[in-house]
Every structure is written in structure tokens, then in C-alpha cells.
Amino acid sequence: MDDLNLVMKKSGNDRTYINVGDACFGRDLVLMAGPCSIESYQQAETVALAVRRAGAHILRGGAFKPRTSPYSFQGLGQEGLEILKAAGKTAGLPVITEVVDVRDMELVCRYADIIQIGARNMQNFPLLKEAGRCGRPVLLKRSMYATLWEYLNCAEYILLEGNKELILCERGIRTFETYTRNTLDLSIVPALKELTHLPVVVDPSHGTGRASLVEPMSLAAVAAGADGLLIEVHNDPSSALSDRSQQLTSDEFASLSAKVQKARIFFSSI
Amino acid sequence: MDDLNLVMKKSGNDRTYINVGDACFGRDLVLMAGPCSIESYQQAETVALAVRRAGAHILRGGAFKPRTSPYSFQGLGQEGLEILKAAGKTAGLPVITEVVDVRDMELVCRYADIIQIGARNMQNFPLLKEAGRCGRPVLLKRSMYATLWEYLNCAEYILLEGNKELILCERGIRTFETYTRNTLDLSIVPALKELTHLPVVVDPSHGTGRASLVEPMSLAAVAAGADGLLIEVHNDPSSALSDRSQQLTSDEFASLSAKVQKARIFFSSI
Amino acid sequence: MDDLNLVMKKSGNDRTYINVGDACFGRDLVLMAGPCSIESYQQAETVALAVRRAGAHILRGGAFKPRTSPYSFQGLGQEGLEILKAAGKTAGLPVITEVVDVRDMELVCRYADIIQIGARNMQNFPLLKEAGRCGRPVLLKRSMYATLWEYLNCAEYILLEGNKELILCERGIRTFETYTRNTLDLSIVPALKELTHLPVVVDPSHGTGRASLVEPMSLAAVAAGADGLLIEVHNDPSSALSDRSQQLTSDEFASLSAKVQKARIFFSSI
Amino acid sequence: MDDLNLVMKKSGNDRTYINVGDACFGRDLVLMAGPCSIESYQQAETVALAVRRAGAHILRGGAFKPRTSPYSFQGLGQEGLEILKAAGKTAGLPVITEVVDVRDMELVCRYADIIQIGARNMQNFPLLKEAGRCGRPVLLKRSMYATLWEYLNCAEYILLEGNKELILCERGIRTFETYTRNTLDLSIVPALKELTHLPVVVDPSHGTGRASLVEPMSLAAVAAGADGLLIEVHNDPSSALSDRSQQLTSDEFASLSAKVQKARIFFSSI
């Protein structure tokens, strides 16, 4: 803990606030929604307009996709970034997207309002250092194998480079359970909020891998104190090029969005 | 799944209701609270009255304790059962307690309103069979290493012996994370409620092992759809003979109790 | 470690020797082989004679089977014990079999030369206490979720009741890896042999769940210092009533047996 | 498996041989030894000469170190590469070292005879692609959270870029067990050798994290069919700048080296 000077709270109510578009991480319940992968402009615009109507604050979408198999769809790359940015602009939404290669950091920063570092790259230290110098807010996902302390050390790497705008994200850890894609470790939300001043969001789409569990686990995340949610939404989940089983339809997201914001208000009142 | 005839839902709204005292599992948010171990009559009565005032429906307390070390306090045995029963009577609360030995089933049934089978005994098949014939409602905890399917098979063992009054309970699984005592797998709550007709409760005390995380995870459990909570409460946690770091004070429990019941009402309304 | 007085070594070369039939645990490489379940006298005798010819010292076979599903074959019970004993007698082999119910301890002790406590019952403390008083050598399997320290505490439970003839057994732990049935944790073999005076054997059949991996992992176990092996052998694995994919044929066992004994001699010489 | 065309065996005896210096992966038991981190020329030369005398074929040493904390020693970088290369030259040994940043691939290739990709970067796909084009043999470590199938997919990424000289390496997976640093999953050695044509080596230093377990687990790895070992050796482990508890002294390595080569000959003969 001596080695976590920057990430740890200095006092009980030490909190970091990060403004992106109209939303403020640390104050609002920030909803980031959109497709797993950007597949075409039409798809991106359709989803962007739908999630905006449903109350999303930020559009998410993958252009550079880390895929288990080299034969799977790897994302549209720079074209995907352009589409994402344009769809966000049409819908009036800032955008978040993942960077997987240090050499693409500058490129991604030209398009993205928030830089996402995915679970597989949580300990990609050169990427963390670049993120610490990139001048954009960064969302750092917890690796599927990381303890709380390892995760906080990765956050420290980014803060140490001078970037104060860091958002933490629980997205499920790997356990023996195979019914869910990962095991969403919601206990880490209140634990992180006790220990650090950083906003903490939750990704129940990857955390469960099952569309029917996304809404209940989103509500549970809010109850546990989450500052935001990252939700996969697709105009037609069954035809998606990645993560079919876990993406919500626009209607399902609209229902979720309304409920989690009500829940946020409820939990602020008790 | 062919082998889970009894445990699986026959239709979407197939639900089992279990009445114990004034509470109904499957309809109410049932709060079971009390000390990890029964240590003395005075302790048990003090806690029983306090949790009753705070809104608990059922008094919990261990008389036969499964302990990692043979040199740890093993519980008061039959004397503990007598104390638990008497303290419950004084407070007007039914009681739940664990049975760890098939040979004690009859004895425990003379005192307990609900029989608890602990995580370490989830696959103690002779004990499951006796529980299936014991004539009392049974609360079966998920083992720290059980998949959802293994857990449901253990439930099937009990139902197959004719006992229809079975309550499931998530209490945390074992993972690589050491910050929390176990990893509370809340995703299994909506998953179990989709699949089975049985009530599902959550034990955030063992699930986290940290008193400060019990309230947020209790709220998260309610948000995820839990039908009840099992909470360790002690008159003086720092002097407890077992599980010191995770037991709540009576005041902390009273705060939790009020909040979770409000949350239950809120979630029923959205 | 203060609480492990009986299980820990008093000095570097403190070792427990346990004689069963012609074999001595702690001195010889003891081979225990036989079917997962006793299915009929003919099956048991066929396998018993085959494994005896191939060099096994002890016949294994399940009469009381702990099965995940209540609808799976549960073993022949007392009839299975009788068959096992008779087949062992015909082949001139002592027998090892599992006890799963404290109420059966006396019965099983009438037939078995070694009492096995299975992985699911490692923390069935009443069963451990009975095993500590049963007057027979006991083989205690490590649970699939047990740390080394938890496992040693369970061994301490048995020694504390007065039984000095205890054999430890690694049989694989549960991890995220699904290619193998469990993850055989061979590092625990030299770790246990550094810490305790007890013999340590390995069960590569359950540890891997794949017949083709049993021989290489048996050799690895010997290299790591194991005092014996527990191997599932069936006259016709494809028709077995349980654990088909991991049982060896008699010929495969004969090959394994010859190689591991050569390996034992080799490792004693370097 | 359809997606693993390059990594899978075409026939039972399909094997890849990789020559580095005097050693041939796939034919010899190749010993790679040296310090965790390169700390100074003197340290590197001392260890290099010692491991050479003891029978090592290749010198290992870290110049770019992926460290959990940003405040830990991060390696000497290019200076470390120069020292490693010079020490290898003095001792007559080829060298292996880790690359952690795609931008350093060319630099590292100027010094290293084998490029190592560490466990934390197993799914750093840009790094895998560069490794596939780097023109050097690559040693790809299995991540602490990777299933066999995920690991093979990462190997496929490298082969698909045209590099045929790939060595696999088991170095322990993350489980609940904390006695050892990781859980060395030796079963994956015979599993990988059944499935793929690639050489498979084992790193028992990281796999166990305890010096006293390195020799028995090295012997076990050879028994399981490993094609080589990666061993941390330090001139003075107690003063090492990283991984103190798991580095062997030169004398311990000399003992290990002699035994594993005898074991290799023994296992080739049975």
C-alpha cells in the first residue's frame, strides 16, 4: 500500500470527478452503450441514435478488437474509428473505444473521447504508460485474473505518468463457473470505492455473457455503488459479428436505462 | 438438464413458497440474522432481541460448527441448540441452524425451524438424503467450488426424497482473489431464478468476509432478485469466538434491515 | 502452523511408514489399482487378477459412490464391499474403498484394509473424526478446493483422534481449465513431503480425467516424489458405469506399472 | 479446432525442430538458465559462466521487466540487452530475453537469439503478430489465466505470420492455492505434445515461486515429456532485485542440470 500513493484516498470523501460531454463520472450514473464491434456506418448510427434516445451518455464501439482466434473478425480499424466518431456526432454523444497497440494511441486519441484499455491489456505496461500521457480520460478494465491489489497497481502506473482522469471498470473474473462467461465480482465495487478516489463502473455484458442477466446485474451494480455501466447494445444481436449472446436490443437497453437511473435516485435517497 | 426434473421450473411463473413463522420465502424479503456461533444464553438473547427489533424474521446461530482447525471452537452442540431455541422463543423468532452430521439430524430437527446444510457439506450426499426426509424446510448453501449445475443436482437430491421446502443460498465461491474471503457470485441469483422455482437467498457475510462490504452487497443481492439474506450479527464482534471480521453490530444490522426492505419495495415497483 | 502439531515433521527425516499387505507406504512405490465402481463379481475378479499380475499392491473399487446426480449409478453398497473383498482375496490383494457416511464406517472397516475419504468429504469433520478412531489406515484425498493448509488441518483432525496411519492423496484441484477434468497440482507433493512425515500418493485418473494423460502424469508424480499411485483400471472402460474416459485397460496399466517402478528405482539412484 | 490449422499436428509424429546454438528444441532437453533480471555485467558474466559449466544451453535474463508495481525495478533496458549479449558471448551461450513493447521488437531482435513473450502478454495480439514476423525463434509463455485452447490460438497468431520457430512454455496458472506462487499445470505438457507439433518447455521457477520445489518439479516436467526447462539462477539470490525466493544458486542449478539430463536419458529408454 506504500506503493499506491496516487491511487489511494487521502481522506474519506476524496473523489475524482471526470467530465465527458454532459456526464460527470463520480457524480452521475454514466451509461456507456453501443455495439461490441463497429460493423458499418448504418449499424453504428442506428445504435447510436437508439441508445441516445434511451438515455446513454456515451457511445461505445470497438474498432480494434482483441480476438481469441486470428481468424475471427478483427474490427474495422481506422475506418471503424471514423464511423464511431461520425455516429457519435450524429447522435450528439462522446465516444469510447479500445486501444490495443501502443502505436495506435495517437490515432485513437484523435477520435475517442475516452480511451479504453481492455482486460487482456491491464498489465500491458507500455500501453498503460502511453495512456498516462495521452491527454484523454482513460477507462482501465480489470483483467480476468487480477487481484484488487494488482489492479490498483496498474491504475498507479497511469496516474504516475500524470493523467488524473482514470475510470476503473469491473468486467468479471475467470473462475471455474462456466454458466456465465465470467464471474462478475461486484464486491470489488464497494471495496474500490472505500480505497480509492477514482470512479468505478461495471460491464455486466462481458461480466455475465448472457443478455438475460444484464439488467439484474446492472441494478445490482448500482446498488453496490457503481458510478456507471458499460453495456453492449446491437440493432440485431443475432447477426452481430462478435459477442452475440450478450448484446441487448435497443428496447432492452431502454428498459434497463430507465430502471438503473431510477435505482440511482432511490439509492441516493436511502 | 434431463436429470433435474424436480428442481427446474415447469413454467415461467412456477414458484415455491415456504412459510416459516411470519415470513414467506418466495414472497417476502426474509431476513435471517444472528451470531456465527452460539456462545452463551446471554449473548444469544441479546442478539435475538436486537435483530428482532431491527426487523429480522428468523434467528440464525451455529451450535455445530464446521471449523478448519480441530483446535478452533467447535460450537456448543446440543447446549447451543437449546440456547438458540430459547433465545428465539424469547424474541418470538423461528430459528435456523446448521447440521453437519447425519446422526444429529433428528436432534437438530427438534430445535430448528429451518435446517441449514453448509457449503462444505453441499455434496455430503447422505446428509442431503436425510435432509430430504427430515420434515423441515432446508436451506442448502452452494459450495465454494460448485458450478450452477452441480448445485442444482444437490438440490435435486433433496427434492427427490420428498421434501419440497428447499431454499437455495449463494455464499461466495473460491477464486484467486484474497481481498474478500470469497467471491460473492451474485449472477447466480437471477440465473437460479430463471431456471428453478425455488427461493434463493444470499449470505454476504461469508460471501465477503468484511463487515464494511455486507450492506452494499446486501443491497446488490436484493437488486439481483434475492428472496432473503443471511447476516451474521454479534453483540460484540471483536470478542466473537469465530468470524470476527465479518459480523455486524446490532446497529449496523438495523440500518441494513431498513434499507434492504425499502429496496425490496422499490424493486417491486419498477 | 502452531495448530498442526501432529501433522508436521519433527525433523528432516521424520517419516511415517504404513504397512498394508506386502507393501509399505513411505518406503515402496505403492500401486493401488482397480475399477472406479464395483459392478459385478466377474468384473471385479477379472480386474483384480489383471492388476495383480501387472504389479498392483492393493485393489481399489467403489461400493458407495458419491455421484453428482441422484439419478446416476450410486454403487452396489454392502454387496459391492463383499465383492471387492472376495475379489481381493482371490487375487491376494488388500483392498481400499471409500466411505461416504459416518454410519457406514464400521461396516466398511469390516471389508476394507484402507479406508478412503474422498475429495468431497475432506471437510466432513464427523467423518474425519470417525476415521481417526476406526483402527484402519486412512487415505484422505485433498478436496478440489483445498489449500495446502486447509488440507493439513483435515489431516490433523484424523491424527488427533489417535490414528497414526494416514496417507495423503493429491487428485487434482478445480481451476478454470476445462481440457482436463481437474488440474493435477503435483507441486503439492514435494511441498507436503517437506512439511509432513506422512506418505503422499497421487491419483492421476481423477487428476486428469483423460486416459492418455494418466501414464505421463504417473511418471511425473514419481519424479516429484510420490509414494504411490491410485489408478482406475477397468476390464472394458467403454462400458464402465462411471468415469469411462479416464479408466485404463489392464494392458495400459501393466505398461504404466512397469515404467513407474523403473522410474522409482531410477530416482532413488540419482 | 478448425481454426488451429497451423498449430495442430498433421500426423502422430509431426514435430517441429528448432536449432539454437548447439541445442535443438524437439530433440534435446534444452536448459535455459540465468537471472530473473540483468543487474550488472559482473552479475551476468558470473551467472553465465556458472550455468554454462553446469550444462545450460542458453542464457536467460530480463532487460525489459514487466513489474506489478511502477515503483519496482523495471530492468536496465537496452543496456541490459547489451550486457546479456556480451555475457552470453563470453560464456559461449545464445541468449533469450523478453520483449514487452512492440516498438522494441527490432531492438531486442538485434541482441536476442530467442524472443520471449511473457505470460502477461500472451494475448497482446500486436506483439504476437510482430513476433510472427521477427525472424527469430519465439518462446511464448502460457498466461496464468489461459485455457489450453486459448493458448493454442495465440500460437496460431504467430505461426500465421510466417514464423515457424515457436516454442511453447508452461509457467503456472493462477488458482486459489497461495502456498505456491502459481499452480504449475504439468498435465498440459503431454496434452500439448499430443495435439501440436511444437516443442514444449516448462518454467518451474515461476511455476512454483519456491527454490526448494524447482528441482522436483523440473524432474516431473521431464517425466511428463517436456523438451526443455527455463530456470532462474542468480549468483546471490538473497540480494536479487526481483524474484528472490525462487532463484537457484549456481550449485543448485548444477545439481538440477545433471539430474534432469540423466532423467531425460532414462525416460528415452523406457
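When the chains are written out, they are named A, B, C and D in that same order, and each has its own residue count from 1.
We adopt the following convention: contacts are C-beta pairs under 8 Å (C-beta built on N, C-alpha and C of every residue); 3 or more make two chains touch, one makes a residue touch a chain.
In this text the structure is predicted, and so the values were computed from the model without any measurement.
K.L.:
Looking at CA centres, what chain is most distant from chain B?
P.N.:
D
K.L.:
Hey, which pair has more contacts between C-betas, A-D or A-B?
P.N.:
Counting C-beta pairs in contact, A-B comes out ahead.
K.L.:
Compute the distance, rounded to whole Å, between the mean C-alpha positions of chain A and chain C.
P.N.:
Once rounded, the distance between the two centres reads 48 Å.
K.L.:
Can you work out the whole-Å distance between the CA centroids of chain A and chain B?
P.N.:
It comes to 34 Å between the two C-alpha centres.
K.L.:
Which positions in chain C are in touch with at least two other chains?
P.N.:
Touching at least two other chains: 145, 174-176, 178.
K.L.:
Over in the complex, which chain A residues touch chain B? Could you list them?
P.N.:
145, 147-149, 173, 175-180, 183-191, 194, 207-208, 210, 212-213, 216-217, 219-225, 259, 262-263, 266-267, 270
K.L.:
Using the touch definition from the top, list the residues of chain D that touch chain B in their complex.
P.N.:
174-176, 178
K.L.:
For chain C, which residues count as touching chain B in their complex?
P.N.:
My answer: residues 3, 66-72, 100-103, 120-121, 123-126, 143-145, 150, 153, 156-157, 160, 174.
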